[in-house]
Amino acid sequence: MIVRPPVNWLRLLFVWRGSVLPAILPQLLLMLFVSTVALETGGRIAGAKLPLDTAAFPLLGVSLAIFLAFRNNASYQRFTEARLCWGQLLIAARALTSQAISCFAAQPAALNQALFQRRLIAVVYALKHQLRGTDPMPELAGLLDAPELALLRGRSFLPVALLDAVRQMLVQAALRPPARGEVLMVLDRQVNALGAAVGACERISSTPIPYGYGVLLHRTVYLYCFLLPFGLVDAIGVATPLITVFVAYTFFALEAIAEQVAEPFGTAPNCLALNALTRQIERSVCEQYGVPMPAALQPDAGFRID
Amino acid sequence: MIVRPPVNWLRLLFVWRGSVLPAILPQLLLMLFVSTVALETGGRIAGAKLPLDTAAFPLLGVSLAIFLAFRNNASYQRFTEARLCWGQLLIAARALTSQAISCFAAQPAALNQALFQRRLIAVVYALKHQLRGTDPMPELAGLLDAPELALLRGRSFLPVALLDAVRQMLVQAALRPPARGEVLMVLDRQVNALGAAVGACERISSTPIPYGYGVLLHRTVYLYCFLLPFGLVDAIGVATPLITVFVAYTFFALEAIAEQVAEPFGTAPNCLALNALTRQIERSVCEQYGVPMPAALQPDAGFRID
Amino acid sequence: MIVRPPVNWLRLLFVWRGSVLPAILPQLLLMLFVSTVALETGGRIAGAKLPLDTAAFPLLGVSLAIFLAFRNNASYQRFTEARLCWGQLLIAARALTSQAISCFAAQPAALNQALFQRRLIAVVYALKHQLRGTDPMPELAGLLDAPELALLRGRSFLPVALLDAVRQMLVQAALRPPARGEVLMVLDRQVNALGAAVGACERISSTPIPYGYGVLLHRTVYLYCFLLPFGLVDAIGVATPLITVFVAYTFFALEAIAEQVAEPFGTAPNCLALNALTRQIERSVCEQYGVPMPAALQPDAGFRID
Amino acid sequence: MIVRPPVNWLRLLFVWRGSVLPAILPQLLLMLFVSTVALETGGRIAGAKLPLDTAAFPLLGVSLAIFLAFRNNASYQRFTEARLCWGQLLIAARALTSQAISCFAAQPAALNQALFQRRLIAVVYALKHQLRGTDPMPELAGLLDAPELALLRGRSFLPVALLDAVRQMLVQAALRPPARGEVLMVLDRQVNALGAAVGACERISSTPIPYGYGVLLHRTVYLYCFLLPFGLVDAIGVATPLITVFVAYTFFALEAIAEQVAEPFGTAPNCLALNALTRQIERSVCEQYGVPMPAALQPDAGFRID
Amino acid sequence: MIVRPPVNWLRLLFVWRGSVLPAILPQLLLMLFVSTVALETGGRIAGAKLPLDTAAFPLLGVSLAIFLAFRNNASYQRFTEARLCWGQLLIAARALTSQAISCFAAQPAALNQALFQRRLIAVVYALKHQLRGTDPMPELAGLLDAPELALLRGRSFLPVALLDAVRQMLVQAALRPPARGEVLMVLDRQVNALGAAVGACERISSTPIPYGYGVLLHRTVYLYCFLLPFGLVDAIGVATPLITVFVAYTFFALEAIAEQVAEPFGTAPNCLALNALTRQIERSVCEQYGVPMPAALQPDAGFRID
């Protein structure tokens, strides 16, 4: 995620960091080359004039608009879904912490609060690593003791295993007299909210936007852009490369951003900052327990935070 | 579902597997033929000039854009709905498993955990087969014993019958002292979540997008494409077949993808990978119980997973 | 609802049943007449040339696109809402059945299961008839006995009355020792889900899309279509009637489908098949109780099912 | 709300009641005047030709389409939100009534059912008056006795005060042995559903669409329409006033409807019929209690119901 | 937020307060300058003609429409999300107040109602200050006593800390015999609703719209507007500055409003009026308790309320 203090409208035109321009530069240079060739040859390919005119392009514009708008909306919807899941993690982790503290305030023996707190945070860390395909063990080693870690090694669904351990602690405590049965229900609901967020994150990862859409959009955009200079050259002459590259920039850039946003758990600049979100949940739970909390993550020199 | 490692932008232009091109090739060849005829005859039909010009097509573009965008969005919404249902199945199956393990940990006699686990997985398998219209018995035979299978044979709503059996086990266990009544509520909620996902999947199957939309879109797209070369030929001459086929490709391909996506439980390349999702749920529940779990499904050589 | 096996792309162009063409044929013939007149007179009205050209129409296209897209989306949203309500009816009826069977399995005297089952099904039938404005008594007579029917006659909110009776039975059974209080909550939630679906269906009927939208769209579409041939005749000559009727077809047909879909409980070809959905709920509840179930409804010769 | 029996397509073109034409007539006449002047002067202002041509307008069309579509969708979303709130009121009022009758059937002394019923209906009436800014006292006087009315006079949040009184009665009854504690939860949920609907209605009133949008749209529409005749006059001559007024009608009318729909609790023709909805809730609750119910509201001669 | 009584359509054209015109005036003047230069030079840059014509702009219009519509919708969605959160705060605060009063009516010793009330209101104030980045202590000092304030000073998640304190009071009271366990559940649900609203507000702040979108839109809009006069000058001559500035106004203004709306907790004119909403919640809770309530906030002379 790019977190950048607002810049004025003029500087924003020339921003490099946070822009997707670097990622699409090769294709744009290619378009510059193609349109210059079209300009030089007067729109001829191997000596034969390709008699396109600007009237042909709005016909393609209908499809292009639908594909681009759909692709972008579907991608952003996935980003929003991911945002909601991580918001739910924060909300449920806090509620569960608050309930565990309040409900067992009079029964200190019922629940090992310190262990519960560390396992709860471990759920979030494990989920982050599962979604990013990274190794959770180094970070979990700071939260769980060695025997527990050993048991978890090799698990395919690590956040689920940790959440099950959290539930087990809470159910045991809640079913132990003189605790009231209602405490079970109250806690169970939040554990389920955590489980729902975990499952929803996996769902985002395991059901991408159908592949056919991407192929169709990609082909349409590129073919359109390759034909464009041949359609423009008779009408706007030397301005052809300028307009062609500008049009191509808008399409390629949108495709590039949409691709990043559609996999919101990645590490591209426009993905969610899972590390920061994980840290925020940890910090909040720590503060609720009144234990020292780690510092919040800060953006790096490139205004990135991941 | 197509699961393909990212390819670079150039190769993506020529991807065959995962594209809908094969499915619409005949129609595209027909369009190539029609537009070549229009080019040869200079836009004449039986000797009479069809005096269309490009100005007529944007008038049709309004309708076409609305129909295509609507059709595609409505289809994708059904795909999303289906994704959410299967996500809910995963979430609820895990939560129920975790609850059943925790809540009856101190009462091993109350619930036959092994039977419960197999029935729970059987619900998901039965749903998959119902949605795909395939025979569930071979796969269920690995989960349930013969007498139970015999009772289920011929059932119209097999997942419901299995879920009722799951509920019966849980209610009996939860109402049996010294279990607390709250356990009933906690379990009941997750059983209902499973039932809701089952019913929602049936709803997707039983209420398709109203038939009239498909007919209207289909006719508009085809008539538009057939007229197009006659409108273009005077303006762009030899480029007519190129542009016509390109425009037709974008429309036909979107219609084809939307058709696949609208029936998300089918087996077309852009449908949901129900087999993989079912297996994922089975694997997760098995891991929660600590029993050996089957391997995850892998994409085949054509990058498909179903 | 039209349920038609897939036909190939060519036959789909000439489908009659399931298309809205019959409903808009008179208006299309009128458009054919108007455009032929415009062609014959060269765009003159009473001898005076109406100097429209094609440039004027895209200006209207903006409004037209917004009105058509909005109207269609708002209509389809109502259709979707209705789908969800009937899905919820199915889900809640099943869950309630399953709960009633499980929770009172050990207390056969607490609940008259046969009566409960028939009343539950009667709720759904009563709702269907209320939404369609038909007489529920013939169908209810097969489910309820004469004294109960007599009490219900003349009720304005029949499904509510039946649902209240269902609730009364369940609350009595759940509050009767030794039943646990939690059973009350578990059942109450599903009764409320049924009530919510009933209320939501009434809401769809009682709050139509604001009338002004329909008038505005209708006027814009018709005025546009009447002016169109005068704008086209100079540019495309003899092709004017073809294009005019084609454009008019797309607008009139979309308006016609949207009108059907906006009242999803009607009996037009693109409405929901309430009879089939009602029967499906009945069949599922019957199968859960293990009693003989009626046959599923089948589409008629015209591929319709209502 | 306009409730009008369907009229045929021809009559619908000339409908006056239910159309927003009356509200925008002055502006349309002004546009007729402006475009006639432009026609007479050949597009000159103070002798100087304003050299607009039709090519300039599609550039503005992009913004206009986005503003109009957004404004309309945001407005309709508020209308939909309001519909859902009133649907929820109906659903929750019925469920609460049904629960209160069933749960206290065996404890007639626990709850004064008649008082409860009148207070419940009073909540809905009070909400209606709060939303419309009218005086609730006359209608409440028919439901509540004088001392209670006196206490309520001057309250800023009258529906909340009444709902609190409803809750108080129910909590007292539910906490009074031998009532089971679960009854409290069951009732509390529906009281909260009513409170949520009340709060959501206030939210609609207190957070309008940001003011800037309306100003921006308004200016764009009017400036566009004022410039339009100068752009059209060279191309379409005497048809300029016709097309200008037609285009202006579509924009002004959409803006006018969207304005009405955005404040769904108002009394304009396209707002919600709060009186009818309130009456419907009252009727349903009365029927549930088996007491005489008032007649349903009917549309007046102008097909309006408010 | 701008709360302005309706003005007639003519005055609305010239509204200054509530319009974003002041914020974009510099850029508009620049566009006026650029387009005047283009007019004077006949579209030449450094003596060389930039041969753009109007046909090139619709090609860019596709991207522009998608970017603007997306940006605006995504921004408004965040505004709506924020509205819903604050609506939920109001609803949950009222419900909790009402429950606390009713449930402990017979046990005055269980809960310190006055302290509870002040802490509940403090949660809302603390949230407002956290979202706006302002110092909460001055306002909290009127609600909480000094020792409690001292404990809260330096907290990173102040609303969470206060909500935890609220929960603690309620759980203690609810677990204290003879209170019924169900009271715990009833209260817990509303505390969680408050916590969910707090977390959702933080989510809005911590996950902005991906940065890349803003950069892409900004560049496209400005480059388009700078090129526009060169494309228009041959076609519309002296009208070029008028149309250029008009087009630029619509784009810049939409970008400016969308930017304000996307950060709904800010203090720009189109943000949410958090002070007014906070006060409304305070007033409602005070009225429920029957204690004197502060006056509602009123718009200032510029029709603003924040």
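Each chain gets a letter, A, B, C, D and E, in the order it is written, and its residues are counted from 1.
The criterion applied here is as follows: contacts are C-beta pairs under 8 Å (C-beta built on N, C-alpha and C of every residue); 3 or more make two chains touch, one makes a residue touch a chain.
Computed from a predicted model, the values in this text were never measured in an experiment.
Undergrad: Just tell me the minimum hop count from chain B to chain D, counting one hop per pair of touching chains.
TA: The fewest touching-chain steps linking chain B to chain D number 2.
Undergrad: Do the two copies chain D and chain E share over half of their interface residue numbers, or under half; same or different?
TA: different
Undergrad: Take the average of all CA coordinates in chain A, do the same for chain D, and state the distance between these two points in whole angstrom.
TA: 38
Undergrad: Just the number, please: Cα centre separation of chain A and chain E in whole Å.
TA: 23
Undergrad: Mark out which residues of chain B touch at least two other chains, giving numbers and ranges.
TA: 58, 64-65, 69, 181-182, 185
Undergrad: Touch graph across the chains, line, ring, star, complete or other?
TA: Contact pattern: a closed ring, each chain touching exactly two others.
Undergrad: Can you list every chain round the ring, opening with chain B and moving on to chain C?
TA: Start: chain B; next: chain C; complete ring order: B, C, D, E, A.
Undergrad: Which residues of chain C touch chain D in their complex?
TA: Result: residues 27, 48, 50-53, 55-56, 58-60, 62-67, 69-70, 74, 77, 155-157, 160-161, 163-164, 167-168, 171-172, 175, 181-182, 184-185, 188, 191-192, 195-196, 198-200, 202-203, 206-208, 210-216, 218-220, 222-223, 227 of chain C touch chain D.
Undergrad: Spell out the part of chain A that touches chain E in their complex, as residue ranges.
TA: 1-4, 9, 12-13, 15, 18-20, 54, 57-58, 61, 64-65, 68-69, 72-73, 76, 79-80, 83-84, 86-87, 90-91, 94-95, 98-99, 101-103, 105-106, 180-183, 185-186, 189-190, 228, 232, 235-239, 243, 246-247, 249-251, 253-254, 257, 260-261, 269-270, 272, 276-277, 280, 283-284, 287-288, 293, 296
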